[in-house]
Amino acid sequence: MAKTLTQEFTKGLWEEIAPFRLVLGLCPVLGVTTTIENGIGMGLATTFVLVFSNILIASLRNIIPSKVRIACFIIIIATFVVVTELLMQAFAYTLFLKLGVFIPLIVVNCIVLGRAEAFASKNDLLPSIADGLGIGIGFTLSLAALGAVRELFGANNLTIWTTPNSVIGIQEVFGTNFEPFTFMVQAPGAFVCLGLMLCLMNLMGSK
Amino acid sequence: MRDLLIMVVVLTVLSAFSGGLLSGLRNATAARIEVQQLKFVKGPAIKKILQGVSNDPIADRFSLKDGDMVRKFFVGKFDGKANTVVLESSGKGYGGDVGLMVAVNMDDDTIVGAGVTTHSETPGLGAMAKDNPAFVSQFKGLPIAEMFKVTNDGGKVNAMSGATITSRAVCAAATQTGSIYQKLKPQLSEKLKEFNK
Amino acid sequence: MLSLSAVLFMLALGATCGAVLSAASKIFYVYEDPRVGIVEGYTAGANCGGCGYAGCAAAAVAVVAGEAPPSVCIVAGPEATANIAGVMGLDPGTAESLLSYNTCTGGDRAAEKYVYMGIKSCQALATLHGGQRFCPVGCLGFGDCVKACAFDAIKIGAHGYPVVNEMKCVGCGACEKVCPKDIMEIKTMSQRLLHLNQYDDRIAPCQQTCPAEIDIPKYVYQTKIGDYEGAVNTIRERNPLMLACGRVCPHPCEDKCRRGIEDEPVSINQLKRFVADYEMNSGKRLPISVAPSTGKKIAVVGGGPAGLSCAYFLRRLGHDVTIFDAMPKLGGMIRYGIPEYRLPKDVLAWEIDGILNLGVEHKPNVALGRDFDIGALIASGYDAVFLGIGAWKDYTLGVEGENLQGCYTGINFLTNFAVWQQERPHEQRPFIGKKCVVIGGGNTAIDCVRTLVRLGADEVTIVYRRTRKEMPANEVEIVAAEHEGINFTFLAAPTQVIGDEAGNVTQLEYLKMELGEPDASGRRRPVPIEGSETVIDTDMLITAIGQGPDVFFKDESKRLDEDLKLTRWNTIDSEDEIALQSSIPYIFSGGDAATGADLVVSAIGAGRRAARSIHFYLANEDITPPSKTLFRNNIPVSIFESVSGITQLPRTKMPELPVDERIKSFVEADLVITEDEALYESSRCLECCLICYNKDVA
Amino acid sequence: MGYMEIIIGGIFVNNILLAQFLGNCPFLGTSKKMETAVGMAMAVVFVLVLAGVITWVLYAFFLVPYKLVYMRTIAFILVIASLVQFVEMFLKKSIPALYAGLGIFLPLITTNCAVFGACILNVDKELNFMKTLVQSFAYAVGFGLALILFAGVRERIILARVPKPLQDTSIGLVTAGILSLTFYAFKGMI
């Protein structure tokens, strides 16, 4: 049964929301989610790569020989990752500095390659775009959610976007007397926090 | 065999295409990226040492050749007059090079301000050099021609307690800045004149 | 402006990588199962490791090896699963649906002996104590399988054992993985059909004893809960001739029935007959599943119980089978040796039709060695041959006068009569004497005498050289014969057959015997009493003292004569009596042809074992049975001296036709029990497995 | 930076799995069984060192001289992917015994962020050849150590009564967090 474009899009938002349902692409999920801003930025960067590599793969899928398709997908994805790197440096340099090594790592994010192989290489252009967009936004939301929890408890802030002059978001959410739970923004907190959120998802899913 | 050939050709063409695309994009964005890098890496330091400046020093910049190296200089205008030049150099610290930005007033060859740009020192000690304005403000008003040394070594600069090596690195960087300034001074004043036109 | 160096660099890099890999794939080419590559192609290729395997290639290897389900890839969707299943469908067995079974039916359950820090998990107990119950193999009952099942298909049933809901089970194998005792089994139909009883299986004494290895406790339980169709299916996994067996089987299983230790054993065979008749009388046939075709052809020579069983199992395993039989109709000895009153031939025909309906071909009236030889079978494309030619050659007494007119041999007499009765009843009936003497104490002898009674012989006598206790015939048969007025002359060894001038038999002379020391078989050896010669008048003498395979076909072919090894009893020799492969690798044998005259149910079991060997032989796999295979033996710990807590409940009596009614005709003498009786009898079953916990062992 | 520092830093302080968050997918995927974990760990040591060296050569002799540093992402992934595939084919044919142990883990490493990330980190730090070699090895050993420790813990978790929603990956992540916390104790070593 063919799904409508809307369904292709929305499935990525909850049904197949990548980091939680499939437990894939965890490195950036854990690595960059110290603030909401980083989460959103990383998510959008990944979405960008997802959508454009899906577009290219869906249009080239009949030309690429199946034996080297993975290699070709990797080249295509890597190209868009470098594009993202360059564009981020040009237009969102602070974010680029914060995300650091995780931007090139989009190349090896299994979600991207997984979608390329499992979806874009078998579907037409439009569904592939919808799929890429859906999965990407789902990924972004996951990162933002995790970032929100970690930033809230770990730094007592909720930063949505930083411009050179101002910060959009709420600072000192619990007031100045709150001693931030720094564990949360550090490495161990990332694991524990994701584990507990996964547990929450399971609880909700089981109902 | 045909299969293999097609595989190689497809791979090659695809990577060549990607190379083309990327180099094109790179060329298109290179200028902007440079500005961004300067703005975010050097920008804060420059802004701090050039307080009260009337222009955008990042935009008003020029390069000069110093032997094999190309050095970047930023121009500061005070009261509409371009009389200050910012230059950078580095000294060897505890965990790598410590970068130092020094602004020099070309009218009287004195230091207008100094700021640490990059460092990889131990957090809390050496890193104070960047965060601690008291340390770098010691340089303010000193003549650039001086040899900068910490008090322990018989100089005037008070070292940050517990971070002597970093302090020395900053001093060394400042001294080096002086020598570069002296060497390139004629060209620098030429350039400044252009900005005053 | 494009930077030339970038383009050139990527061009060179792409070309180098491509060229190196292409070259390497040629230079370092290693053969692998082509399905691995195809399956890997269907996985997402993301190498994410989310499936628990190290990358897509590893997952593909696992799928091809049958260790992972087609749904292994968590990134690729259901479409990929379908494709992978499609690829694997080429292999019979793995494309069949997998279902979970609880193989432990338990027995006397006990409370946990230890509770370790509150841990209530089978895995924990198995790890910490190696299983704290006495039973080395049984279910621990803490339901790790229930917890492991993501489909909510397993529940701990009323008896404390896992019960699988087949509707919900998807065969994912989670329960099998988590069970520390290998109790949860995920098997395809083929895997179940191929399984041989093992020493570490959780099987009750009856199932251990049954030569066909039928899961008796399961079908008795299914009968008890009224699931007669389930019971039929359970029996059919091991025995395609349940109507026949339900009537003629001497049920060795009942001898080992644990209830029999303190009470009378459960009447297992009557229950089998009840459910088998239930299916036949229900007016429909239960569907029998068959694995996807393998394209292999097997010739089954001989359409008796061994041949039919072998053909049935081979067909269900997906092979093409042709049965070559010397007689006009299939059934072999159970058609032409067992009289109508014991096994009505329309019942047999119904049962055999069920086997042929699976797609088994039948070529009647062709005898090996007379009409075709094995070379011709191989030449016409058969990949393997099963010899189930039975044991149709009677032994002779070796005394003077044996060939006089009026002297017959047992099989000869029964077959002639059966052929007349079934094929040409309008022709003249074979000769029947007035005063008949049958020599022998086996089932053939009893069949002869009971047939003779029905044909109107005035006086029928059995002459047997030992006592009634030693008679090898089924007890029920002997009893029935006694009821039907047969004379028994025990401890009599024939010495001479006396005839008149016309060459007709008139008298049998025998020597009286007395019992001496026990012989190798444990029976007391009869010793002749000097000078005790006695004569008995007769006009028809039937010798039924045993039979062996008729291997005349061997003389017809040089290859067979040289290479096909026989034992000294003329049975077909096989190195391994479970694998049943003859000295010629593609020839297998089973049933009476391999063992000498034996039970129908043994032949059925042998047919399945041979089918298993042929299946593996054709797949180029090892046919050697697993080292723990249980054969003609019992699991020592499962054989008890006593059983406690049994309330005596009488065993259901077999309904029979009244004697005066039955000796007049060949109408079936033994009747089927009623449904109420079946429910009662099945509830007598102790549902024993191995005992879980011996209260006497600390 | 001395070699000792690099080694201790790579294995403990900046453990690639628990402090840098690289290579987490296989970390959770292959840690369910000790056997798999050991195989994976060995394969990562093997490939990471090899990839570290090759990418360094590529970087130092091609990317930097031709001013193509911005293309390192695409160049590295292409080279690593090809390398892994080549090694796999080579082992399969030439050293089947080694292939039997490591082979199946190799493809998994193509898209292992630990390998790729470590290569990027190496060139970012502008290490020289020998230091790259040592650093790669240290990262790989750190990866293996964390993976094997984690697998050991996970095998034991089977014995614990974990509430249903927390089971499997969820408890795995929490456990990884605690393991990461223990590695935090190494922070003071450098």
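Odds and ends about this structure:
Chains: A, B, C and D, in written order; residue numbering restarts at 1 for each.
By definition in this document, a contact is a pair of C-beta atoms (placed from the backbone, for glycine too) under 8 Å apart; a residue touches a chain by one contact, two chains touch by 3 or more.
Bear in mind that the values here come from a model prediction, so they are computed numbers and not experimental data.
Common neighbours of chain A and chain C, by the contact definition above: B, D. The interface carrying the most C-beta pairs in contact is the one between chains A-D.
Chain centroids computed from C-alpha atoms place D closest to the centre of all protein C-alpha atoms shown.
Chain A and chain D have Cα centroids lying 22 Å from one another.
One simple way to say how far apart two chains are is to compare their mean CA positions; for chain B and chain C this gives 89 Å.
Chain geometry summary: the mean Cα position of chain A and that of chain B are 35 Å apart.
Across the assembly, chain B contributes 7, 11, 14-15, 18-19, 22-23, 26 as residues in contact with two or more other chains.
Residue positions of chain D with contacts to 2 or more other chains are 25, 28, 70-71, 74, 78, 81-82, 110-112, 164. Contact of a single residue of chain C with at least two other chains is seen at positions 5-6, 9-10, 13-14, 17-18, 21, 25, 46-48, 50.
Residue ranges on chain A touching chain D, taken from their complex, read 23-31, 70-71, 74-75, 78-79, 81-82, 85-86, 101, 104-105, 107-110, 113, 183, 186-196, 198-200, 202-203, 206. On the chain B side of its complex with chain A, the touching residues are 3, 6-7, 10-11, 14-15, 18, 21-22, 25-26, 29, 32-33, 36-37, 39-40. Of all residues in chain A, only 63-65, 67-68, 71-72, 75-76, 78-79, 82-83, 86-87, 89-91, 93-94, 97, 164 touch chain B in the complex they form. On the side of chain D, the complex with chain A involves touching residues 18-25, 27-28, 70-74, 76-78, 81-82, 110-113, 116-117, 120-121, 124, 163-167, 169-178, 180-181, 183-184. For chain B in complex with chain C, the touching residues are 4, 7-9, 11-16, 18-20, 22-24, 26-27.
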